[in-house]
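Dropping the structures in below, format is structure tokens.
Below, subunit A partners subunit B and then partners subunit C, in two separate complexes.
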Partner chain A sequence: MDVNMINPILCAFAEIIPQIGFQTVQKKNLSLVGPTFTYDGVLINLSVIGPIKGVIMIGMDNDSAKRFASKMMMGMEVVEFDKLAQSAVSEMGNMVCANACTQYSKIGVTGLDISPPILMIGQGGQATLPVPQTIVIHFLVDDINIKVYVGLV
Partner chain B sequence: MKFLIVDDSAFMRTQIKQVFSELAYIEFAEAVNGIEALEKHRTFNPDVVILDYIIPAPDGLAVLKILAEIDKKVKIVMITSLGNQNFIYKDCIECGAFAIITKPIARENALKVIKSIRTRVI
Partner chain C sequence: MSVKVMVMDDSPFSRMMISEALTENGYEVVGEVDTLEDLLETYATCKPDLVTMDIAMPGADGFECSRELRMHDPKAKIILVSSMKDEETEAEAKRIGVSGYIQKPIDAETLVKVINNIMSPDSLYEKLMERGFDTFKEALAQNVTRMAKTPVAFTEMGITDDPYMSQGITTVIGIIGQSTGTMIMDLSIESAEKIAEAILRRPAKNRDEVLAMVSELANIIAGIACSMLNKKEKAFSLRVSPPSLFHGNTAEITSPSVKIHQFLAATDFGDIFLGVGFKKGSVLWM
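Presenting the complex of A and B:
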């Protein structure tokens, strides 16, 4: 995948995250990994279909996920990553990826659609994307580290 | 006013209630899928349905079509994350949506909806 094609995803993050209660969104760095990677914590999986196909995954550790959900819920304390907190974080994934589809349409890639978010929680979990290489974008959202895995073709 | 919120996301149902309840006195009912939405519409008799475009079957557009056919008074406000995608706007308006709001729901957009509903209801 052309690395420039991730710009709509960067735009989507920058546009949506401030609207859901966060102050700052910083893109830290990009890296490339193989199709298979391991994760600890929470991974939100959204499939993309249309002229561009594949998967966008958003990952964070358990503590970050609780803090992220807390901010989305206007500071409500999140002790357990319960159903409501899971729903909040999943919805963030949904909103970011849907907005990315809109951003892609602005550069002429129209007709994209996304699946509902699938939330995975685990330690030492392994995900394999249907691409030779996965682009990993590291974001710092306020003080929360987030990794976005992009496997689109 | 009576609002029926239809969204499979618990977080979104909570957020929608928070945003709208700050703007008006509203009695809420909730549904998590299309079947429950149609059932709650029958029993709750809402003035407004806040309906997510993507919900478990029947999907939001199918529910919109049914409600617009059987209840000419209800105002159906579609919500979607797929903002600015013309085909969604076109489908929803053609099928009888009163308004379309993109997620995340901004207070000013909710306020516009409340104002326009009041203008037409009163």
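Presenting the complex of A and C:
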């Protein structure tokens, strides 16, 4: 995948995150890894189907996921990463990826659609994307570290 | 009570053709208009259930009229009826919130189908919920039996949004179409190794070979199930994503926005978990 093709995802992240209760979105770095990577905590899986297809995953550790959900719920205390918190972060994934589809359509990639989010919650698990290479974007959202894994072809 | 329809088109001939097709199929044409001003006024007076809308018109075009109408009534149901229909016009129509899109010259059967689906958007979803799960079970049973030569017996585990604890290898496949959804397949590493050995007729050389087999098996099951469903009902228009694989340590799998129908398929090589869920999508576009 051409690295420039992730621009719509960066735009979507920058556009949606401030709308759901966060002040700052910083892109820390960007790296290219193989199809398999290790994750700790929460990984949101959103499949993308259309002229480009594959998957966008959003990952954060358990503590970050709880803090993220808490901010989305206007500071409500999140002790456990329960159904409500899971629903909140998966909705963020949904909103970012749906917006990314709109951003892609602006650069001529039309007809993209996404499937409902699935969460994987575990420690030291591995994820394998259906692509030879995964682009990893590291964001700092306020003080929360988030990694977005893009595997689209 | 018949569905009340308003027809907007600048061509008197097109208005006549569309109105006749509607009337012949039991719909009531409550108004015909050709300008934005008339549209809003007649809409307020006639209170139609839906509006058919041409795109290319002098003055305000169909997109502008649709936007105005939906600002006036956000619940307004609009079907674009135009000879223009490409990815760009479809994307614009979706952005506006148009319910359906038919290409001219109109085919009465298509028009009826689109109107029925807009007026009862749940009917296709209900059909999918009736047939979908058995079709996925059938696709799994057929292909596991064919490829690994083992009988398959299902136990239903219920419909839930509770998490499922992975047994070792999880495949997630996204589904889009008239409804969007997900298929989850999960099995232990031991079961996967045994199935790989049965399919390859030799032990797998390494873990990657086992993972590739699981991924391909899930891909085949989801692809065949969706094709079978599309054959039964073309309007489902289901398409699958490539599979994502999760493995290594055990993990909890949850689907916060869609309830998953969970099944356990017992085979000679161990159990295979199958989870399938759908949510209501957009209405039919033809």
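The rule we apply is simple: the second predicted complex is superposed on the first by the 153 of 153 C-alpha atoms of A that agree within 3 Å, B and C clash if a C-alpha of one lies under 4 Å from a C-alpha of the other, contacts with A are read in each partner's own complex, and residues count from 1 in each chain.
Throughout what follows, a contact is a pair of C-beta atoms (placed from the backbone, for glycine too) under 8 Å apart; a residue touches a chain by one contact, two chains touch by 3 or more.
Since the structure is predicted, the reported quantities are computational estimates derived from the model, not experimental observations.
Enquirer: After the subunit A overlay, clash or fit between subunit B and subunit C?
Expert: Aligned on subunit A, subunit C clashes with subunit B.
Enquirer: Between subunit B and subunit C, point out the one touching more subunit A residues.
Expert: Result: the larger residue contact count on subunit A belongs to C.
Enquirer: One more residue to check, A:Asp113. First (subunit B), second (subunit C), both or neither?
Expert: both
Enquirer: Quick check on the superposed pair: does A:Ser90 touch subunit B, subunit C, both, or neither? Answer first, second, both or neither.
Expert: both
Enquirer: By the touch definition at the top of the document, which applies to A:Ile121: first (subunit B), second (subunit C), both, or neither?
Expert: Once the two structures are laid over each other on A, A:Ile121 reaches subunit C alone.
Enquirer: Answer with first, second, both or neither: which of subunit B and subunit C does A:Pro130 touch in the superposed model?
Expert: After superposing on A, A:Pro130 lies in contact with subunit C but is clear of subunit B.
Enquirer: Once the structures are superposed on A, label A:Ile16 by its partner contacts, choosing first (subunit B), second (subunit C), both or neither.
Expert: A:Ile16 sits against subunit B, while subunit C stays out of touch.
Enquirer: Applying the document's definition of touch, where does A:Asn99 land relative to subunit B and subunit C: first, second, both, or neither?
Expert: The first partner, subunit B, only.
Enquirer: In the overlaid three-chain picture, which partner chain does A:Gln26 touch, first (subunit B) or second (subunit C), both, or neither?
Expert: So A:Gln26 meets neither subunit B nor subunit C here.
Enquirer: Touch check for A:Met73: first (subunit B), second (subunit C), both, or neither?
Expert: Touch status of A:Met73: first partner only.
Enquirer: According to the stated criteria, A:Leu46 is in contact with first (subunit B), second (subunit C), both, or neither; which is it?
Expert: second
Enquirer: Pick out the shared contact residues on subunit A: the ones touching subunit B in one complex and subunit C in the other.
Expert: After superposing on chain A, subunit A residues 83, 87, 90-91, 94, 102, 105, 113-114, 116 contact both subunit B and subunit C.
Enquirer: So in the complex, the part of subunit A that touches subunit B is made up of which residues?
Expert: Per the stated touch rule, the residues are 16, 19-20, 72-74, 83-84, 87-88, 90-91, 94-95, 97-99, 101-102, 105, 113-114, 116.
Enquirer: Would you pull the subunit A residues touching subunit C in the complex into a rising list?
Expert: Residues 38, 43, 45-49, 53-55, 57, 83, 86-87, 90-91, 94, 102, 105, 110-111, 113-131.
Enquirer: For subunit C, which residues count as touching subunit A in their complex?
Expert: Touch residues, subunit C against subunit A: 87-88, 90-91, 95, 161, 163, 166, 170, 172-176, 180-182, 184, 211, 215, 239-258, 277, 279.
Enquirer: Quick check: in the complex, which residue numbers of subunit B touch subunit A?
Expert: Touch list, subunit B to subunit A: 8-12, 14, 18, 54, 80-85, 103-104, 106.
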